[in-house]
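Right, I'll just put the structure down here and ask away after.
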Amino acid sequence: MIYLDTDYMAGAHPEVMEALNRTNMFHTPGYGDDKFTRRTRSLILEACDLENGGCQFMVGGTQTNATVIDRLLSRNDGVLAADSSHINVHEAGAIEAWGHKILTLEHTEGKISASQIREYIENFYADDTFEHMVRPGMVYLSYPTEFGTIYSKEELSEIYKVCGDFNIPLYIDGARLAYGLNAKDNDLGLKEISRLCDVFYIGGTKCGTLFGEAIVTKNPELLPRFTSLMKLHGGLLAKGRLLGVQFEALFTDSLYDKIGKYGVDMALRLKDMLLEKGYRQFIDSPTNQQFFILPNPVIERIKKEVSFELWGAPGSDESKVRFVTSWSTPADTIDKLSSIF
Amino acid sequence: MIYLDTDYMAGAHPEVMEALNRTNMFHTPGYGDDKFTRRTRSLILEACDLENGGCQFMVGGTQTNATVIDRLLSRNDGVLAADSSHINVHEAGAIEAWGHKILTLEHTEGKISASQIREYIENFYADDTFEHMVRPGMVYLSYPTEFGTIYSKEELSEIYKVCGDFNIPLYIDGARLAYGLNAKDNDLGLKEISRLCDVFYIGGTKCGTLFGEAIVTKNPELLPRFTSLMKLHGGLLAKGRLLGVQFEALFTDSLYDKIGKYGVDMALRLKDMLLEKGYRQFIDSPTNQQFFILPNPVIERIKKEVSFELWGAPGSDESKVRFVTSWSTPADTIDKLSSIF
Amino acid sequence: MIYLDTDYMAGAHPEVMEALNRTNMFHTPGYGDDKFTRRTRSLILEACDLENGGCQFMVGGTQTNATVIDRLLSRNDGVLAADSSHINVHEAGAIEAWGHKILTLEHTEGKISASQIREYIENFYADDTFEHMVRPGMVYLSYPTEFGTIYSKEELSEIYKVCGDFNIPLYIDGARLAYGLNAKDNDLGLKEISRLCDVFYIGGTKCGTLFGEAIVTKNPELLPRFTSLMKLHGGLLAKGRLLGVQFEALFTDSLYDKIGKYGVDMALRLKDMLLEKGYRQFIDSPTNQQFFILPNPVIERIKKEVSFELWGAPGSDESKVRFVTSWSTPADTIDKLSSIF
Amino acid sequence: MIYLDTDYMAGAHPEVMEALNRTNMFHTPGYGDDKFTRRTRSLILEACDLENGGCQFMVGGTQTNATVIDRLLSRNDGVLAADSSHINVHEAGAIEAWGHKILTLEHTEGKISASQIREYIENFYADDTFEHMVRPGMVYLSYPTEFGTIYSKEELSEIYKVCGDFNIPLYIDGARLAYGLNAKDNDLGLKEISRLCDVFYIGGTKCGTLFGEAIVTKNPELLPRFTSLMKLHGGLLAKGRLLGVQFEALFTDSLYDKIGKYGVDMALRLKDMLLEKGYRQFIDSPTNQQFFILPNPVIERIKKEVSFELWGAPGSDESKVRFVTSWSTPADTIDKLSSIF
């Protein structure tokens, strides 16, 4: 069976696993106050060119989004986000559960624009009844988006400028960051992203670890008393060093980049193969998620040998599907797929 | 000055005020456990043909919506509502503050349809990832809507049928119920509304009282331990009898209907007058809110003598405006207006 | 029947009612943005000697406590309060419903002390695991307390000093403030209280209005975007002027003081009468609540003519009772009572 | 250095780690819907004699407590628990963050009794103002307690009977369950515990896994839509099989019992050694936590070679300390310690 459902179907990258095995019997203090985690914080902040920044670790993406957004917003603030965003669609209401409204903007291939954000905020303040409405208190982006697309440096710079104009923070969900940084035609590096937002997270779960996300901020004062808040959110891992150890492996010998590059290469080879065979995309993604429209008989035929997700409800003749590659996609996958299609 | 901004600019209808004065020095237990409130509960339930139903009183609409919705939903449920609905736009995030996502449907003149609701719920259960999404746990309507429009008996029956099919409650926000019940061409009476939903409230604040809304349900088991919940929501009035006394006045000698009829008559006279003078509506409302498009110079001229609200941002040549009448609109208002326009 | 159950059994003081009647048919903007409310804000701030302070109005005490505390605390902060405090015992969990833990201190006749507060906070910061504990983020007092007792100027000054030392706000619940300010041997005036805390509220519901509490702060920056927060909490009254009009009456011709003085005088006369007849107090209160221990046969006999509350579960021979007077206690009450006992 | 600070200082038991390594490169669906997790659920339910029961996995204890309690309680319910309980003291307010008050009972060596629970609930319903108070909606126990003590079968049976009498669920926090089940003089097996409560969790983090807790209930209807709720709480692990794989190891060849037995044996040897040397306990614990009072000079001397926690603030001459053993305590620890003391 070939697995292309999601990017979190295998365990950890062997080098990450090796680090966990190597350190397994050590005794260290809990909750992230250990030498591994401290060392990894420095490693990450250095890679981000944020020596005076802050770095915290949590277990999963929804937890991270809920905790960071909860910290950045006041009680009577909402978060601006694409209507297609993960927080709006696929987090079971975790943001609202903490009391915050998601103020949605219509997405274009998963993205929102600086002008949409500006218009929303200007309209808000222009409305006589704004005190009866939820104030836009921050902006949430995903990079890459839920549709595999990425923002350009220019687009991100413009968005960050709008946030600055209205003095609200910009937060980037980097669940698949490795695949974005290594996307075709990407012009944003880790250092640029670090500079062009207030808080973001470096995804581990989908990019090589068993679990874990590294939250990075240029300004630690934006996330005060964050350990206590993680505890309150049920997201402070007892054996916190597991996060430090895994991310240390990711940031050693450019493993994070290798993972991203490999996943994207597999995805682009898959895309080329399918295009060559005459199948149509419904979104052209430069990252590890690929979106195609397939005739239903093709779907029926291949799904005996390939595992993948329908994207939304099936159509009568053809349906939308998503294929996801990752660091764990076996090297011969595309060749095998080519013979199946 | 002629006031047409909203329907809550004056105090209480003189008969309501008279009832408050008459009972002012009596001593009674607090929190709604008094003879006035008990008597009024019976009066209202009788008028609704719900002798075995339940009736509770709260002070204001946002409070009522937040408390009822909070009681009807489980932690991981959301409420289906029009994107234009009061709870989605003008309650400062009060529903989300209690943890519930509003699942929005695109409105048509403020209304949503049975087929929209059905489609949303069917798509939800058809989605493989539905456990990661917010379950639609109830439906919220306003009657009349925020655009002054009303549902017909057929429309409401269909919506209630969909709710029944999926076993979720239907809740109707009746902030302006008096004006809906007395709308032109309305075919829904209080008894039909009582039958065609699970919970609704009879608006007092906009329909003759100083404040107060009467929550009615055919099935008291839907609102268990509601007094305690109102207290927790900060909405249990200490001198609860004030609500009973005011609503007793509303439901004596058909005052509630007289109020609704008067407000609507004024609104329709205003509409006829404006149409006659050649002004255009952007929504044709049969109730006490009227929506027109006026040339900006006209707006500038009349606003020295008439107070009203722009509806959204002003246009370059003409702008949308809303005029609201009520029981407190002076009888000579339309004649005066006619000479101003 | 003589009613001594609570201090909110009647409607409004006749002068308050007269003000509501006089202004009833005026048309004004809603939500507290009207001339009456603006004028009353100035009146109150002047009386408090806080010309640069802030003043906001809400409908009831639980709502006020929940909203103010929610504004003063960060997500991961709790409020220090007496275990006997209203917020801890009788608000149905309204504070926790907004996510905040109440950190309880053992009360002495309803009061807590500066040294208790200091010890709690010092222990918190001395604990190695403090990040896993709820940080004490503010202090809540009631004045008078739920047991009718009051703080002296020295006691309050010491408490406020501790708050200052740890840079956390002090909030005073003044539901029965009129009766505290006019208590026997009280050495705190409205101006001192205004100076010796960060936020407090002047109770209306129990002190002469139909409903309403006036929130006062020396520093409006402590309560930013408060109108929006009141809306989110379901506590922004549509016809906001009703609060302004009522409090204007209270602060005209010293009505608030007259109300307090009358209620206390009645209570002290009641106390003297009962002591003279040989009954025992279980708390010696200088305000409008009086706490006695009565033989059960006496209770049985008088309750045909007097309405009052048992304080906790009844005893086998004698039981604790509470008598509450107010501005609405008829002048001949004590004489009548004397003949009954 | 000898580490006796806590029971979560090492990674996973080697057999657990081996299972993770063996399955690392498999591809499986996420979120617990995989064959490992399904198999482990059966294994655990069989061990609990609850073939028709339910079993769910979460990452950590605070998260588990917050999610289970949130599911078991209605909005206006609180949880009865010892004042010394983990949820009340060391979860940073996670229970209150979800809106629920903790109703505290005074502990005796970490335990609460059936009669305390009964008295609290009876007093609640006997109070005339109970609608203004938080209803006790469930009971929380920890087994072993935060002081290492355990309940006897008789004590637990009595508590469960009280819960049954009032129709509220009993939930047991089993963070250290392995050490309780293998405690000296324990008369409760896994099957008895499964029978004598409604929901409990089998602790993994402190008992051999990298992380993870297994929630078990005899009645799955008590935890409806729990996957969705875990997601909303930020506690649904993407690579859910990691939990299944680890717990499968724990429940294979009695590893869970071996872990518990080893940890307790080490603790009891430590206790005997210290008693023999003349040191005093402040609590006599039969499990893996030991509580002693040591002279301050002894503390100063040994802490160069032993890592452990002070219990509360230090005293002037002697101080309270806690020593914690686990499956990872090296076999020669007690001998080494004996030569140090």
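Read from first to last, the chains carry the letters A, B, C and D; within each, the first residue is number 1.
Keep this in mind: contacts are C-beta pairs under 8 Å (C-beta built on N, C-alpha and C of every residue); 3 or more make two chains touch, one makes a residue touch a chain.
Since we're looking at a predicted model, the values are computed, not measured.
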**Message:** According to the touch definition, list the chains common to the neighbour sets of subunit B and subunit C.
**Reply:** A, D
**Request:** Considering only mean CA positions as chain centres, point out the chain farthest from subunit B.
**Result:** D
**Prompt:** For subunit B and subunit D, what's the span in angstrom between their mean Cα positions?
**Reply:** 50
**Centre-to-centre distance between subunit B and subunit A (centres being mean Cα positions), rounded to whole Å** = 42
**Request:** Please list all residues of subunit A that touch 2 or more other chains.
**Result:** 75-76, 91-93, 97, 99, 131-132, 228-229, 231-232
**Message:** Going by the contact rule set out above, which residues of subunit C touch subunit B in the complex?
**Reply:** 1, 3, 5-6, 8-12, 14, 17, 20-21, 23-30, 59-63, 66-67, 91-94, 97, 205-206, 210-211, 228-229, 231-239, 242, 307, 328
**Complete:** Residue positions on subunit D within touch of subunit B in the complex are 31, 70-71, 74-76, 99, 131-132, 135, 225, 227-229, 231-232
**Request:** Under the touch definition given earlier, write down the residues of subunit C that touch subunit D in their complex.
**Result:** 75-76, 78, 89-93, 96-102, 123, 126-129, 131-134, 309-310, 312-313
